[in-house]
Structures are given as structure tokens and as C-alpha cells.
Amino acid sequence: MQFPISSSPFTPRNNSISRVMLHVLYALLPVTAIHSYLFGYGLLIQLLLAVSTALVTESLCLLLRKRAIKPALYDLSAVLSAVLLALAIPSIAPWWVIVSGMVFAIGIGKQVYGGLGYNPFNPAMVGYVFLLISFPLQMSLWQESSNALSLSDSLAIIFANGSVLDGISGATLLDGVKTQLSTGLSLIDIKMLPVDERLNLIPFAYCVGGLWLLHKKIIQWQIPTALILGLCLPATLAYLIDSRQFSSPIFHLVSGATFCAAFFIATDPVTAATSNKGRWIYAGLIGCLIYIIRTWGGYPEGVAFAVLLANLAAPSIDIYTRSKIR
Amino acid sequence: MLLLCLVFSLFALLLGFAAKHLQVQGEPLTEQIDALLPQTQCGQCNFPGCRPYAQAIVEGRAEINQCPPGGDATIAALADLLGRERVTLNAEFGEQKAAAVAFIIEQDCIGCVKCIPPCPVDAILGASKQMHTVIAAECTGCELCIAPCPVDCIIMRPAHTKPSQWQWQR
Amino acid sequence: MAAITQLKHFSGGLTLAAHKQPSNILDSGIPNELIYPLLQRADCYAQPIVKTGDAVLKGQLIAHAGSALSTPIHAASSGVIKEIAAHLIAHPSGLTDLCIVISTDGLDTALEPEPCIDYQSESISDLRTKIQQAGIVGLGGAVFPTAKKLAAPQKIDTLIINAAECEPYISCDESLILAHAEQLIQGVLILQYITQAEQCIIALEESMPQAFQALQKATQKEAIQLIRVPEIYPTGGEKQLIQVLTGKKIPAQSLPAEQGMLCQNIGTAYAVYQAIILGVPLTERIITVTGKGIQHSQNIQAKIGTPIKHLIAECQGYTNDVQRLIMGGSMMGIALSSDEIAVTKATNCILALSSEELAAQTQEMPCIRCGDCANVCPVELLPQQLYWYGRSQQLEQCLDYRLLDCIECGCCDIVCPSQIPLVQLFRAIKGEHTIKQQQTAQADLAKIRYQNRQTRFANAEQEKKDKAAKRQAAIDKMKAAAAAKKANKPD
Amino acid sequence: MKHYLLLLLSTILVNNFVLVKFLGLCPFLGVSRRLDSALGMGLATTFVLTLASVSSYLLYQYLLVPFELEYLRTISFIVVIACVVQLTEILMHRFSPSLHRQLGLYLPLITTNCAVLGVALLNIQAAHGFVESIVFGIGTALGFSLVLLLFAALRERIDVADVPLPFQGASIGLITAGLMSMAFMGFIGLA
Amino acid sequence: MDKNIRTSFINGLWHNNQALVALLGLCPLLAVSNTVVNSLGLAIATTLTLVLSNGLIAYSRGFILAEIRLPLFVLMIAGIVTIIELMMNAWFYQLYKSLGIFIPLIVTNCAIIGRAEVFASKNPVLPSLLDGLVMGLGFSVALILLGALREVLSMGTLFSQAELLFGASAQHWQMNVFDDYSGVLLAALPPGAFIALGLLVALKNALDLLFSKK
């Protein structure tokens, strides 16, 4: 009897890219739920827009390259980028913001390099920074959490350009702190700013999702740990030196996108350093850069820039951290 | 203006001085190039052997893409060594083929010894009126022995056919 | 060295579904033909000493070891040499190679064995010679000549008997222990005597409680330590086992003997017992025939050289859904193109896999550098980097990332979410490396021969010139002499 | 001291010559194929830049200004730079022949590296003092080398990526540089 | 001769376009191409330099020592650029201001020294002048295209501030391509320049591929 021959091993594989991506998407569910609960339908509309734009862009690129479309769509990486970007931008931004950001993210951030696995930069962050730089106004208008919007209001704001209802938008806390600090107030005064306690649910939800991913071994513990350390060490140091001038490490931890970065963005394996030692350096670098940009930079939130800068350094980190043991 | 010229000429003097005193000896580049060539000594580059070709490259009489047995790998290595652009093999000189060794079909051989002198590495054994044979381990696959054979009894055979020489493919 | 109390871990590894069914050992009977490839391992061939038509007996030597790393071959049953010709052999290439084929006569007439009651009265080197002459090799799969391994120049203080059968499906060692515990312990003691090791450890997996009890019973009187190791693939790898037992990492390019340790497979110990005490050469071994492509899984005492189809028939044939025939386990075995191929000394398992046991044909996706492969790699490589550089033909970089240390265990391959056939790629790059080295060696040789030829030509040319010059000089001289004569003549 | 440190930081990161000011792009896109040649180029450029910055400053302040020959600055700077490059080449040939062979083609190109002339010109434009000129030169050079190195490592990776045909080569290099430049915009406002 | 001119035009504008193919002279190209008008200004200055330097070098090629030709070329180019700089300073002061150091930096435009070395130093004056013109035009086309692309993307306009180059009468030349356009600010910033040029190069490659298939 004749048989075909091939290389070992001969075992069914039970892992796939889509499984990994799906788990990450599951882990983002709590955040999505809480976000929608606090702010209304805006996020859901943005999610829909983002995902469909991402899939259409990806298909178009693959069509132009005459490549198989199905496997690339089914791997869910584009969907994940879309969800991350939708979560990152204000949910009351006009529709063309998320659409153009997504086209840029998938087109320039990913497909130009050959698609999944080859992109040196995190596509979601490429899209986000593109939006941040291109449309600073639209990207800085956040909605107050006190009144969740109805579906029709959300639709009106997103699609009927410009008719932003009064009183629903404001700056983020990080934005606020930055502006206030620049006007000469010290942190003590700023603490008096009214803050919706429920907002703390969002970092908490990111944390829950992240811990679940850790448990599922989809992500590795080194990157979140290193990132949080990289952010908190300088923050603690500065806080100890002058607590009037510098925010506390706890503040840095729970505000902005720290946990999102630690668990969902920096852990993107394609754009991270690849050895364990490299991961420590890579994520530590992100943490430090977040702190530096938040504290001294021109932008209130440094996560996206920090991630891109570390992406950019990842190949060098890989080269300089490879084990030389023979 | 005059002062400027003076300053400039001072620079020139300094440079001349430096150039003279820091001059280095030329390196044995020919050796380095020769080491990268496949040593088939096949003459497809239009030079009588690998070393003459290396010499020719050094002297600018030959391009780096004239070695079919070495193929793109050799061109890339030469390009890196010499800091030049990687180019494709010049088809005028032949195409890259799979490694092969010459084999004499013994019943056809008439023992004319015509194939023995062309062999650049003395890999053919034989005497007049005796059957000849190729030492497979020493044959470089240059094919120089094929043309002189009056009865066409020399053929090229793939170099690796035994399981012990087999390698995995991508 | 102190007794082992606490086990360590090697990095990476996987817990795999075992699929093991240890069983009583069925005797295979005598096949019509026995086929012996002359290729022993890597590039070592045995030298046949029989010719077509010769009659041979069971246990008779039919081929010498061709070199130090090769081993002699003995006939496993009586019969006539049918031919020495090219046959398919058990090799990943699927190529044919020279084999000795015996037509058996069914009588199984054996040579008179030379038993030995008291091995301790013999010298160690004599025992080693006997082992060499019995054609014993490492039966774990590496088929390294056992005598050669036992002749390590270093002082050995720990002998490790490897019974950690970590690969899925394989249960031949477990069955062997269950059947022949007493005898194989004798083999272990002989090995300990030969190596003069102070300490002897038998390591087996936690999943073999019955085998453990059998060994416990057999080793009651002996100073042999039984260790149960956790069931993590590839614990059975020599260097991984040493790391589990002692915590010592053996560097990739060095041998355990350099650390005073020696590893032998438990099957080898049994073969040593048979060779020394019973005086019979290695002609049979236990083979696990299993997989969902087989009607009835079974451990079989098979004659080496038996065509696989004979063993399959013993197991009541294939099922309808048989897709692949593997020699060895599912992780590191080699796929065979035909069941006409004969089993060898290295064959511990014949695996007939059904479609559900095989990887579904999936699309290979791009690497996402997730690092799962690095996490499971037992030798701490970065397969993702190796893949990256290997794919782009950067051989130097691959070597820098220690490609040659890869043991091809397959762990990275099966965890890869992108379904990349990593092991095959690494094997191919290693192959390219070997070919490159061969080419370099060949080029160096050719260069020297070419230079010699050039100098020879130059010398010949010079000689010719010298000769011509000499002749010219002689002619001139003669002419001058003649002229002088002429000039003198008138006088 | 703080002033110089800030100047240094701002020239390296915030106003990076390559990514923000578009100076020195030819060697940036040309040499950065391999990490080791990028390192060599970075070192050579650092040397040339620092020296050129200082010497052109001196030339300008003590020769051109007193004689009111400011309009000749372009010509005279070019001459100074050419000399410094020549010197570097000789030194490199002497001390690291292998590096010299790899960078052979690009070394003379430092002459036409606009970053070098750019530094000299910007020194005048920004009315930098002597120490400032040195710091500015060093900062520029470090920024250039840093970006060159990072880009080279990135490029080694992109070279083996499955880049669509029209984008292969210069195009993907430029787009990557663009994304790098985008990332570097995060430093805006730092100094 | 006509055919020669034709091929040299095609060569300069497409096959051997200094900016898009040879990637020479990118520094000023990227730096000033944020509006069409800036692009046009630099395009004119660069083309002028190319023509003049090519002519001068072709004229003087007979009596220049081979060993020191490069430094001399650079000196000549620097001289020409200085003259142009002074002229611009006199006549287009606003534009001169907005182009900044990129006018003197024309000296280090590799495209110019490249043409000098490759073409002008080996050919007579007239062909060299033509070569300079054609190569300059190729460079200019790329520059203006890039400028237009970035201006449209970032502000939705074309020819804004045309008065810098064409005098006061050009003040109303500004065209609004899109109305009520919120502008992709990125295109006006350095990253936009890199990416836009990258896309332009890719577009050219794609067209080449398309033509070669037909």
C-alpha cells in the first residue's frame, strides 16, 4: 500500500490566529458594555462603522493584490484593530473621522507592508495618531458621562455633521489636568475638579479582560507588568519629590488608556519585541514614554505615541537582546 | 578673498599631509573574491578559472554577474564584499544549474584520453586504450570534458541521489 | 553524586494526549522476506559479507560495520540471500538504497549461542567488543552504536536508563518492562559494570504505574534508583531528561559524558542482557503498532528486517480511513511512502494514522510573532526569529540564533497559531547549511587541485624550456666544437 | 547647563533632522539597509557633523563676518565640509578598512549630505554661540544616527516582509519614515 | 535629433525621474512641498541651477583635472546657487523667506551633482543644457504634484498665497477644491510629506507595472 509522505509532527493543531483574536475580542466585551452603559449608543455606532470600514479596506487591498480575501478576513485581526480604534476615539466624533482613521490604519499601517504579521506598527495606533494629528478638534471633544445619549441623538451627532448638542462634550481628565497645570494651578487645586466616579469602571473593565487573557495564556505577563512598572516607577519617584507638581502613580494608572495599552495594545505580538528580555525592555520603554509624554509633552495622552515609538524600536531591541549562548 | 584662499590652501596642505602619512597598503582583494567563487573552474565567465576571474573583477575587467555555477548567492556575496548593487546573473554566460557530476558510460568509452587534459581538477582517471572513470568526489561539474569526447560517452548526472546525501526541502 | 530527591524542569515542553495502550507482546512470526538496508545512520554504510544465493542461519553475521559509527547486521531468521539490491528504505527522502534481502525458509534455524553466566569475570573491553559484535545500537531511535557510546573517555559517575517514553502512541518500552523486568535489570547492571558508574537511575514517566511496580519488584536487591518524571513532552530526550533529573543543562554541542553522565535506553539494556548473558545478537525488538488506521493496536516482538505490511497483517490490517504510515511517534517519526519498507533497529513504533489524528489541511498564515513557539521550545530557541530569517534565506542569522541546536521535537510546530510547518523549514535550512558546507569543502578541494595542476603545468613548461635551453646549449657547444675543429683542420 | 541639555534633547528628538526637518535623507534612505553599515555611517556622520558645525561657525564668525563676506557662506561652508569629509575618509581608511569598503560609496556623499550644510546654515540662522553650535552639531548627529539605526533595524524586517510589488523599495521606505515621523511627533512640546 | 530629444524627455520625466526613481534631492522636495506655490518656487530655482551648472560644467570639462573634478563641481554649483539666492533675495523676498535654508541647500541636492558627474562632465554644452532642463522639469513635476497633493489634502485649496511668486495680481488665484473641508492636517506636517511621496512613488511603480504587462 502506498502513502503520501511529509514532515513530522503528525498531530492535529488546536491553535489558530482567529482563535487568538477572538479571545482578545471577548476580553474587550466588558469595556464595550460599560462604555455603552455610560455614554450611550455612540460607541456601538462607531464600532459598526469601524469594523465595516476595516473589512472593506482589507478586502479592497487584497483584491488589488489579487490575493485570497477570505483567510485574511477570517483571521479577525482587522476586526480587532477596528474595535481598538473605535474604543480609543470619542464616541461622538463625526463618521468620517473613524472611517478615514480606519482606512489609514488598515491601508498604510498594515496592508502596505503585506498584511498581518508584517506590519511594524500597531495599525490601531497608527490610525489613532493619524486622527489625533489630522483632526485635533474632533479628537478632543469627549462626551460627559453624566447623560448617556439615545440612539437617535447619537446618530444625529455622528452623521449629521456639526450639530453637536450643547453641554455634552468636555475634555478628558488627563486633558483637564494638563490644561490646568499649564495655567499655573497645582494638583491640589485640580483635584477639586468634579469627577464622575463611575468612570473608574472603564480601567477596571480593561483590567478584567486583560487578566482573563493572561489566564487564557493569550498574552504573556511580562509586557503588562513591564509597562506598568515602566510607568509607575518614574511616576512614584516624581510624586515623592514633588507631589504638588506631579500626579500620583495611581492617577497615572487608572487614567487614560494605561490598562488598555498594557493588556491590549502593547501585547500585540506582531509589533512587540519577541524575546522575553526584549519584551521587558519594549514594554518598560512604553511605560516610560507614556509618563514622559503625559508629563512634559504637548499631547495629554501619550499611549499611542509611546506604543508607536516602541514599535519603531522593537526590531533594534530584538537584535540587541538575542541570546548569545552557544 | 585672499585670506579665504589662504585658509583653503592650508586645508589642502593638511589633507595632502594626512593622505600621505596615513596611506594604507592595498588588501589582497583578489584572494577574498576568489574565496567566494565556487571553484568549479568551468570557464563560463570567459576566464580560464576562478582566480583569473577574481583578478579580472579586481581590475574592473569583469562584472560580478558572470558566474553561472555560483548564481545569485555568489553575486550577493560579491556585491556585499565590494559594496556594490546586487545584480542578476548575466544570461550571456549561462544559467545556474543543479549540482551535477560527470559520469562516463563505461561501455561506450574508447579510451582516447581526450577528456583528461581539459579537466581543471584532474578528476578523470584513465590511460590510452583503457576505460576512463570520473572521481565523483572531486568532479566540480564544469562540463569541460563533455565537448572533447569523440563518442559522447560522458554525461552529467545529478550530484546527490543517495538517501545519505538527501536534504529536506522547504 | 547525591541521590536525586527533587526533580527540576526543562523550559518549555508540552503535555500531549498519550494515546498509549501497553499490551502483552505478540510474537510476529516469520515473514517471507527480511530486508536489511546497508545504510545505518547519517552517512555510514555496513559492508555486506554474503552474496546472492548464500544460505544463512538466524543470528549469522551478514554485514560488517563499515566504520566506527556503523554497526554489524545479523540475519533474524534462517534462509537464503535473495539479492543485494536497491529497495525502498525507512528514510524521510522516500528514496531507495542498497539492501540485503533474505528469503526465509520458515525453519528459524539458529546459530549456537555463546551464553555467559558470569559477566563480571570478563574484562570491560571484552564486554564492549561483544556488544559491538552483537550489533547493538541505541534503541530509542538515534541508533548510535552502544559500544561506541560506552567507550566515552570521561569518568562516568551516573548511568541514566531512559524509560521515559514521552512520545504519544509509543508503549514498546512500557510493554518491555512489564514482560521482562528481571532480565532488563540484569542488562542495566551489565551497563553499570561497563561504565563503572557509582550511581544508576532508571527514569520513567508518572503515567506508567504498573511498569514502576514491576521495576520496583525487580530492583529490590539492587542499588538502582527509580525516578518517576512528569509527563511532559519531550522528557524522553536525553538532554531534557538529564535536566529534569539533575538540573544540569548540557550545552548543545557537547555530550552528557563530559558531565560524567551517560544515558541508555531501556530497550538497549535488554538487548545488552541478551547479547552478553544469552549470547544472541540484536535481531529482534519490540515495536508498537498502533493508530486509528489499524484494526487492532498491539505491541509486537518483531524480527528486524520484517516488512511493515507483515506486522500490519498481524494486527488484522488497516481500517478504511488510513491516511498516513509513520515510523516512530507522531511528533518526531518519519512518514513512509509504502508498507513494503522493512523495520529497522531504530523502529520503536509503526503508526497508521487516520484523518482525524492528522492535522487538517489548513492555510499557512503569516507569522504573528506571538512567541508561543519560544515558550514551548525545550532548548530555549526563538523559532519565530529562526522562521523569519530562514524564510528570507539568511543562513548566517539562523546559525546565530542557534538553529543547529534544534532537536526537531515538533513542539513549536503544533502550537503555532499560524499553522506554519516550522520543523520542516528548520530541517530544510539545516539541509541548506550542510549543502553549503559540503560545497565549501568541495570548492577548497577543487581550488587546491586546480592550483596543483597549474603549478604542474608551469613546472612542465619550465622543464621544457630548460630542456630546450640545454639542448640548444649542447647544439651550440657541438657547433662551436665543430667550428673549432673546422678551424683547426686546415692546420 | 539646562539650556544646553534642552537644546540637545530638542535637536535629537523633537526637531529631529531627518524626520522633522527633512535633512540628510539621501544617506538615510540609502545606507540604512543593514544595521552595521548604518552604525558606521552614523559614526562617520557624527564626527563630520560635529567638526563641520564648529569649523563653519569659526569660519563664519572670524573670517566672513569681519570681512563682510557673508554672501559667500554657502561656498565656504561647502569647502570646509569637503575637507572634513576627506579627513574622515582618510582616517577611516586607515583605521577600519572593512568599514571603509562598505561605506566607500557613501562617504564622499556626506559632502552632499544636506544635514551637514544644514547645520552650518541653521547655526547662523538661529544665531547660536560657540558652545551652542557644538551642542547643536552633536545633537543633530546623534538624532541622525539614532533614527538611522532604528530605521535600519526596521528595514531589515521590512525587507523580508510580503510587501506589495509597487511599494517595494523606496516607497515602503518613505512610508515607514513617515510613520516614524508620526511617532516622533509625540515628542512635540517636550523641550 | 528630434527623436533624441523625445527620448531624453521621456527619460527625464518618467523612466529616470530624479525624484521618483533615483530618489535624489529628496530633502528640499519633502520640506517645501506643503503648498503648490512653494513647490513652484523651489522647482524654478532648482531647474535653473541644474541648467546653469550642467552648462558650466560641460563647458569647462576640457580643462578640469579628473582627480579634483568633484570638489570643483561642488564649488561651481555653490557659486551658481549663491547667485540665484541673491537674485531671489532681491526679487521674491517673501518666497525666499518661506523657503528658508532650502535655497542654499540646493547645493547639496544630489540630483545636481549627480547629473554633473554622470552627464555634463562627459557631454558637450548643448546636450548638457537640454539634460539639465529635462531633469529639472522631471524634478519640478514631482515637486509640484506632491505640493498639490499635500495642499489639497491638508487645506482643500490650490495656489493659495500665489502672490508670493506671481505678484499682487495673483492674490485671488486660490482655488477651493472642496468646500467646508476640515482638512487632514497630517498632510501638511512632515509625516504627511513622507507618506505622500511614498504613495506617489508606489503609484508610479504601479503604472510602470501596468504598462509593462500590456
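Lettered A, B, C, D and E in written order, each chain numbered from 1.
One rule holds in what follows: a residue touches a chain if its C-beta (ideal position, glycine included) is under 8 Å from a C-beta of that chain, and two chains touch if they have at least 3 such contacts.
From a predicted model like this one, the values you see are computed outputs, not experimental measurements.
Most remote from subunit E, judged by the distance between CA-atom centroids, is C.
Of all chains, the one whose Cα centroid sits at the greatest distance from that of subunit A is B. Chain pair with the larger contact count among B-C and D-E is D-E, by C-beta pairs in contact.
The distance from the centre of subunit B to the centre of subunit C, each centre being the mean of the chain's C-alpha atoms, comes to 38 Å. As a whole-number value, the distance joining the C-alpha centres of subunit D and subunit E reads 22 Å. With centres set at the average Cα position, the gap from subunit B to subunit E is 45 Å. As a whole-number value, the distance joining the C-alpha centres of subunit C and subunit D reads 57 Å. Counting partner chains per residue, subunit D has residues 72, 79, 157, 162, 167, 172, 175, 178-179, 182, 185 touching two or more of them.
Touching two or more other chains at once are residues 186, 189, 191, 195 of subunit E. Of all residues in subunit C, those that touch two or more other chains are 92, 366, 424, 427. Per the touch definition, subunit D reaches subunit A in the complex via residues 35, 149-150, 153-154, 156-158, 161-164, 167, 172, 175-176, 178-180, 182-191.
On subunit E, the positions that touch subunit A within their shared complex are 182-187, 189, 191, 195.
On subunit A, the positions that touch subunit C within their shared complex are 1-13, 15-17, 19-20, 68, 71, 75, 77, 114-118, 220, 269-270, 272, 274-276, 318, 322-323, 325-326.
Put simply, subunit D touches subunit E in their complex at residues 19-26, 29, 71-75, 78-79, 82, 108-109, 111-114, 116-118, 121-122, 125, 165-175, 177-179, 181-182, 185. Those residues of subunit C lying in contact with subunit A across their complex are 16, 92, 94, 168, 251-253, 309, 318, 322-326, 328, 330-339, 351, 353, 356-360, 362-363, 365-372, 374-375, 380, 382, 384-385, 400-402, 408, 410, 413-419, 421, 423-424, 427.
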